[in-house]
Structures are given as C-alpha cells and as structure tokens.
Amino acid sequence: MEEILITGVGQIPAGEHWDSSLREMGAKAVRLALQNAGNPEPQALFVGNMLSMNISNQAHLATLIADRADLVGIEAATVEAGGASGGAAIRQAVLAVKSGLVDCAIALGVEKFTDKAGGELESALATNMDGDFEAMQGLTTTSQAAMLMQRYLMQYKAERSAFAGFALNAHKNGAGNPNAMFQKAIKADTYLKAEMVSEPLNMFDIAPFVDGAAAIVLTRSSLYKGSAQPVKVSASALSTDTLSLHDRVDVLEFRSVARCAQKAFDQAGLRPGQINLFEYDDQFGIFAALALEATGFCERGQAWKMALEDEIGVGGRLPCATFGGNKARGFAGGATGIYQAVEAVLQLRGDAKANQVPGATHAMIQGIGGPGSTCVSHILSKMES
Amino acid sequence: MEEILITGVGQIPAGEHWDSSLREMGAKAVRLALQNAGNPEPQALFVGNMLSMNISNQAHLATLIADRADLVGIEAATVEAGGASGGAAIRQAVLAVKSGLVDCAIALGVEKFTDKAGGELESALATNMDGDFEAMQGLTTTSQAAMLMQRYLMQYKAERSAFAGFALNAHKNGAGNPNAMFQKAIKADTYLKAEMVSEPLNMFDIAPFVDGAAAIVLTRSSLYKGSAQPVKVSASALSTDTLSLHDRVDVLEFRSVARCAQKAFDQAGLRPGQINLFEYDDQFGIFAALALEATGFCERGQAWKMALEDEIGVGGRLPCATFGGNKARGFAGGATGIYQAVEAVLQLRGDAKANQVPGATHAMIQGIGGPGSTCVSHILSKMES
Amino acid sequence: MEIARHWRLKQQRYGLVGEVCPHCDHKIFPPRDVCPNCGDEAKEPFNFSGQGEVFSFTTIYEAPAGFEANAPYTVALVKLDEGPMVTAQLTDLGEQPVEIGMPVEMVTRKMRNDGDERGVILYGYKFRPVLAGLR
Amino acid sequence: MEIARHWRLKQQRYGLVGEVCPHCDHKIFPPRDVCPNCGDEAKEPFNFSGQGEVFSFTTIYEAPAGFEANAPYTVALVKLDEGPMVTAQLTDLGEQPVEIGMPVEMVTRKMRNDGDERGVILYGYKFRPVLAGLR
C-alpha cells in the first residue's frame, strides 16, 4: 500500500541563538534533514512560522529560506496557524506528497523569538488572538492560559499543586535531550516554590520562549529507495474551534483537539490505548491537561492525576513530552510541531537513547494554536519490516 | 478522469472598505462562494494573506475567518508567499483536494491595506523583501520595480512611453467590471502626463493598494453533483527564485515565472498559443512585461510591443487583465490571486458580459511575489460537455 | 495608526452593542452576523445590559506594549446576564479580592494610548464589581 | 529593538565582508555559506574592495517608516568589481545625474534611527560616485 513516509529529520538545539539569524537557523535544519534522508531532490518546502513578520519584520520567509538553503527554484510557501504552524506545515507537506503533484517535500519549522522580549514580545504573541475583542483588552496568551487553569482548578476541585506532574516529567525528560534548553530534572518542591507569573500560573507552568528550527523530509513509499527504516504517517488531521475563549460553549473542552484526534484515530484505525507515546503541546501545563482529556487519553478533569501519578513518564502508561516537550526543550513557536515530529521519529527508529520508550510503534504528535483554537495531530508509526 | 473542479466563486468589490473589517470581508467572500457552489459542506479553508499580522496586528487569520464564516471546526490555515499568497492558497487547496484527504476546500484571499498608508504601508510591504540586505537600505517594493524598469528601458532600448499599453488595457477592461476600483478608461495622453513616482515609474505603472476579498470552492469531479458547468484546474504550479534582485544572474529574466509556467504547460499538455486569456500579475507594468516574456507569450524585450499594439485587449491575440487586473481592479495583496481565479471562471463560464473573451477555453492565472521571487500559475479550463 | 479600526468598533466598545437572532432569540456578542446557535442570519442590534459575573480571571504583570502603564491589571472572562461571555479588564477593584461568580457591571474606561505616538487615547468597556444588594 | 540583528550583521554592514568559494573562487555577497556557483560549502571570509558600478537605480520619495527623514534618496543595484551585485543607497551625489554604468565606491553612513524610540543610530554601507580618472 502506498504510504507517506518521513525519510529524514534535522534539528538545531532549541535555545537563544543570539548569533544566528532566522534564515541561517532554517537553512541549517533543512540541510540536516536532507542529509539524514540521504540527499534526495526535494520539490517543495513548507515553512511553519508564527511571528517572523512581527519579530523580524520578515515575511516571504519560505522563499527566503529556500534561497538560502541552496534550493532556489523549488515550490515554497509559509504556513501559519498560530502555535500549530509547525504541525500545519507537516499537514501541507502530507497533502502535497499524497496528491502525487509533489514527490518529495520538506516541512520546516523555524522561529526566532529572542530578538524581542517583554512587552514587545507580548504584543507580538497577542496577534494570535482576536485583535478586536481580546488583544484590545490588553490580554496576553499567558493570561488566557491562567484563566483556563483558574477555572479548571475550581470546576474540578483540584489543588494548585495538581499541575506539578507536567513540569516534573518535562524536565526529567529534557535531561536526556542534548537539543533541549533545560537539561536538568527539577524537584516537586522547586515547582511549588516557583515565582507566580499570572495567578494561578507559575513559571513552571509556562514553557520558555526559545529560538529553534527543525525539519523533516517526506515522500511516498513507492519512490523511496533508501536503506534506512523510514517512519510512516498513519494519520494527519487539522481542526479548529472559535478563536476566542469567550465564544466557546464550554471553555474547558478543547473541541478542536477532540475533533482532530478523532479524525486521526479513524484514519489510522487505532484507539487511544494503542498509542505508545504522545507529544502534546505543553506551551502551558493546562494545555497539556486539556489536550490529554480531549484526545481521549483520560476522562475530563482527570489529566492532572495522570501526570501526578507518573503515568506520563517514559516508562508509564502513556509517555508524554519524551524529549522534554515545550517546557524543557523550549517553545519555539512554528518550530514546535516539527521538533515533535523529529522526536517521535527518533523514538520510532529506536534512536532515543536514555529517553527511549520501549516498544514504541505508534506516536501521536499534536500542536495547538491559541487556547485550543487550532489543533493539528499526526500519528507516526514504525514500518512493519 | 478525476479532475479538480472549481464549483463556486465569490468576490466583494475591490476598494477602500473603511467600514468593514478583515474578518467581515473574508467571511463575506466565503459565504458568496459557497452560495455560488450550491452550499456544499467544505472541510478546509486556505487563506491567502500578505500583511494582516503587520497592518491589522492579526495573525491566526484562517481560524478567525473560519470562525466568523460559521465554519467553526473545519481545517484552516493561512498561506503566505508575498504577493503570490492568493495563488499559493489555491495551490494548497488543489493539493488538499487532489490528495483525497479533503473532499471540498475553499481558497480565500483577503487583504486590508487601507488601514495603513504612507511610510507605515511602505514598511509593511518591505517585510516582503530581504530584511537584512534590502529593507535595511530603505528600499521599497516600488523602487525595486522602478530599477527593473530602468534597466529594461536601457537594455532593450525602449521608450519610456512603451509601458502605456499595460495601463490603457487595464483601465479599458476595468470599465466593464463592477467590482473594480477604477471603472473608467484612460487616454494615452493621461498616461504620458501622469505624475512620476519613482523614476521611470509613474502612477499609472503602479496598481493602487485596495482592500479586497475573493474566494473559490474546489472539489473532485467524482464528488460533484451540481448542475452548473464547473471549471477544471488543468495545471497548478509554484516556483521560486532568489528573494533579492541582487542575487540574480540576470535580473530581467523572471526565472520563477519561466519555471512555473513551463511546469503548468507540461501538466496541462498545452502550448502558450493555446491559452485564450492570461491574468498576469500587473502590480507594476514592468512585472506584466517580464511575466509575458518569461511565460513564453513573446520573446524577451518584446512584451511592451504586444501591449502597445493592443494584442492584449479582449479581442486581441492574448487578452490580459480582462477585468482590469491589479491596475484597474486594484491590488489587494493576498486576495489578488483569487480575484484572478474568479475572473477566469467568469470568462470560462461565459459570464464575463462586456469583457467576455470569445471562445475562452483555457485561462492562465499567475501571481507574483516580490520582483519574481515567487510565482504561482494555474491553468483553468472549460469542461468539455 | 488604527483609527479606522476603532471607528468600526466604536458601538461595541462604548456601548456593548451586540446582536439578537430574530429566529431563536439568541443574544450575540461580539457581533458576527450569523447566529452561532441556529446558523441563520442575525444582524439585529441588541444593547446588552452590561450586567454579568466573573467566569474566570487572572492578573497580568507583564503587559503588551501600550498597556505597560496599566500593569498590573486583572482580566476576566465575564458571563453576561443575557448569555454571551466577554473578555475584559476588571477595574475599580479596591481591596476586594476577585472571585469566580462575583457580580460585575460594564463601565467605559481608558484602554491605552495608541502606539503611533500621536497620543490617541482609546476608550472601551471594562467591568467593575457590583456591591452586594445593589443588583 | 533589533540590536541582536544589527550585531549579527555588523561585519557585512560596516565592512562589506562576504565570502569566497574555496572550490571555484566565486565571490559571494551577501554571505550565504553555500556557493551559488558550484553548490559547495563556502564560508571563507572575503573583503570586497567596495568598488563597483551602477547597474540600475531609482529615487524614493515615499520612504518606509524610519527613513522619512532621508527622503528623497536614490537607491541602486551596484555591480561590485568582484562580481556580486548589492542593493544600496547612493550618497554624496551633489548635482551629478546618476547613470547606469557610473562608477561608485562604498562608504559607511548613518542609515536610520531605530524605530524603538531609544535613539539607536544604525550605520551601514552606501555608495558614492567615483570621480573620473580616480579608479
């Protein structure tokens, strides 16, 4: 059967790349992914990016990076869907390769956050919400998450400490990832004493903003001649919800996630219980919790228990954020979704070293834009040999 | 044979929409296109937009418009490729529908330029060029075109008046388009006396910046149950060149256009002589000239003669900008490529009224981002009945 | 310069003017011309009372550019009595701790100075606590 | 605030430092680490002489934000003697009409004030006419 394959992956370390520009980071990840794929000739480049037009005053980014990566001439377009931009770029690459009109495509995610900070960065991030009815009120993306968490704690009668599990797991896994911003485990006590950012969110409930770039190469199985064991894309889905929280009937239900995950499970012919690892979008701990619930990995109001009881550890029932997630690897905007793909491919290839999930066969990766306004999910699977 | 069809089109007038927001314009065009298509249930929305993150501080636009157009839940992503964004959105919709993973997709182009003007608008537009080595020098998109035209006039020994033909044709055709910003023909003398903007470019060599929105609905022929005669997508291609003019070996050769057009002709199995009308991207007259040459409609250095001799009129050898093009309809950024599609569909349906090209069977539409940095071309064809 | 935008939104910002669906009587804010409840066209203006309660809230210490002078400030999801939810700053809080379920009412306040250095001052809706017994 | 960006580009902006391909001797500006001529890696720094000629040009009257104070100004595509083309403003023009083919040389000049109101002044390369006989 004709499958969509990921044949190469590349990433640069997530962190503060003071000395490297957007285009350099992007071109480097592209070159690494092509090398890893055995240097095929790509025909298309889809670039996931959130904010370069604002932070770097640079639009037309896909053409710039194709140019800089020595791929002048190929098809190139930038794909934007808020924090889900990276996953959306994978989605476009899948559609392109599946259509038969493109034989080999690159999905690149790249973001340069650290050229702005403070109020300027908050303003840039606020372009992702409703400009007329949210940003206009001085709302920040962090405060959206804080309001969700506040309501969650009240509605499900959970303790403030309930969210420690997400941060502890992420930092524990980040320790095994040489490309992570934070490579050191933290203690429960550190979480509890952490500085409050926007009550009830503390600094460990929020992923740090980093620069980053990651890329994957996709093709169809009938065209693949390499000898390495590729990974197949078993499912690809993208769904939306209202952009604003205030337009939702039930703000604690991430309906875009529920819709998108259901589509993905249907496509792959899998149940949630058959997924061996889940790279969720933990830009905020509360997003991870709501995503676990909406995806069907636990009942509503129960995700924090999964995290506290270490069910999400590398040896747990459903390993999550196995290379540190956004929390420890760092949140690199449009690059996030591609880092997830790279990490899942390493797991399925058995190349995850200290963080290897035993018997990893099916991995789900999921990106979220806004507070569940957009969700993109892919299921990646080991090829039967 | 399974074909990709355009089954519905919608547009709002191009112009200054002081009283209408980005989301309202976009949602309206989507609703009009869906109505025109007989109200199918779309699964995906691809939004072409250039500058809303800058001009309106609004990113995450596709999700916002899906929300506002009462399509909450569907797949949505924004596609950006500079001035070629609209065509790139069509390309994504084609890939999606062709892949079989999406049955019915909407490609929307929407742009709100008029909330900024003067230096602020120039800055926004300059995000489309190389920020480090072009925008940094105070370059503007208009001055890029002016330098191309300056060199063209010198290298091909053409007179300054040589470019009148493009403007005269556009304004003549705009007169028959109720959705055009300018609906009045102009005289050769008016062109010659026009105010200089950036020598040798005068104000009639530049398309006016307008607000606008247009949408099309796409599906596969096996799924189409309507009774109206749809239009088929015979070819779809996107190519790039270096982002900057200064990195080109030959700046007067739009290689992205040549590559892209060749791919399109190959896909459709057509020669340039079989194209009945060409909606070129005349953001600047010089772009139209270089596009005619690179696409293969005339020899290099000869396009201005085609225009002067009225070969590009509705009754000419190759009718161009048949509803006024960017010059008279107005340049609406990411919406431009979709306006072109709407106009080509009207021609192929025989619904172009005063501007009808007799016997229109094959139409080529082409969008250009930057000075030929990105090019996207589609060939739309009448279905054999 | 976002003058046109503010002009377009002035009815919503100054008066909390939304829409009511003529088909199912659903109240809509922000206005969207299509009823999210029944899917029919809904363009009839509706003046909200401005009464509601806090559904959730938090405090912002690191504010976006243009809002720094106001920081720290409290934002909330306010559930209006007529049904819709609205995102807004809370104001006139004094020493009173904010709680989920707290009754609030709309007032018009200065939002921020526009970022274009021309000193345009923007006004818009915020919500303040309603004293017990006054509703 | 684009301080990091200016820092990253200072060698190019102040010194017109590009690269030379060790494989085919192709000179590269702006630097891109991969030779556009032969496709091989090319990271060796190369100092351009700053001598060149005008390939095309125009004058800008309506400048982008941050450059208004300089308007009108002339921009050009300058073909460097070593091969590459560069986009730059022309300066020190006096009454001299600009022409295609006119010899020019690089100088360092103030480009613009940074838009962050902190008054950071940016310097970079511009090109000025070379008097006949001086080359």
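Going by the order they are written in, the chains are A, B, C and D; count residues from 1 in each one.
Keep this in mind: a residue touches a chain if its C-beta (ideal position, glycine included) is under 8 Å from a C-beta of that chain, and two chains touch if they have at least 3 such contacts.
Source: prediction; values computed, not measured.
Engineer: From the centre of chain A, which chain's CA centre is farthest?
Structural biologist: D
Engineer: With chain centres defined as C-alpha means, what is the inter-centre distance between chain C and chain D in Å?
Structural biologist: Computed from C-alpha means, the inter-chain centre distance equals 50 Å.
Engineer: Would you kindly tell me how far, in whole Å, the mean C-alpha position of chain B lies from that of chain A?
Structural biologist: Between these chains, centre-to-centre, one finds 33 Å.
Engineer: How many Å are there between the centre of chain B and the centre of chain C, using C-alpha atoms for each centre?
Structural biologist: 39
Engineer: Of all residues in chain B, which are in touch with two or more distinct other chains?
Structural biologist: Those would be 21, 56-57, 72, 120, 123, 126, 130, 132, 135, 244, 247.
Engineer: Can you pull out the residues of chain C that are in contact with at least two other chains?
Structural biologist: Those would be 5, 36.
Engineer: Which pairs of chains touch each other?
Structural biologist: A-B, A-C, A-D, B-C, B-D
Engineer: Quick one: which bits of chain B touch chain A in the complex? Just the residue numbers, please.
Structural biologist: Against chain A, chain B makes touches at 21, 23, 44, 50-51, 53-54, 56-64, 66-67, 72-82, 88, 91-92, 94-96, 98-102, 123, 126-132, 135, 236-244, 247, 255-256, 259, 369-370, 373-374.
Engineer: Can you check the complex and tell me which residues of chain C touch chain A?
Structural biologist: 5, 9, 12-13, 30, 36, 55-68, 70, 73, 75-77, 84-89, 100, 111-112, 124
Engineer: Report the residues of chain C in contact with chain B in the complex, numbered from low to high.
Structural biologist: My answer: residues 1-2, 4-5, 7-8, 32-34, 36, 39.
Engineer: Using the touch definition from the top, list the residues of chain B that touch chain D in their complex.
Structural biologist: Result: residues 118-120, 122-123, 126, 130, 132-140, 142-143, 146-148, 150-151, 154, 197-201, 244-248, 251 of chain B touch chain D.
Engineer: Which positions of chain A touch chain D when the two form their complex?
Structural biologist: 18-21, 24, 27, 56-57, 68-70, 72, 114-116, 120
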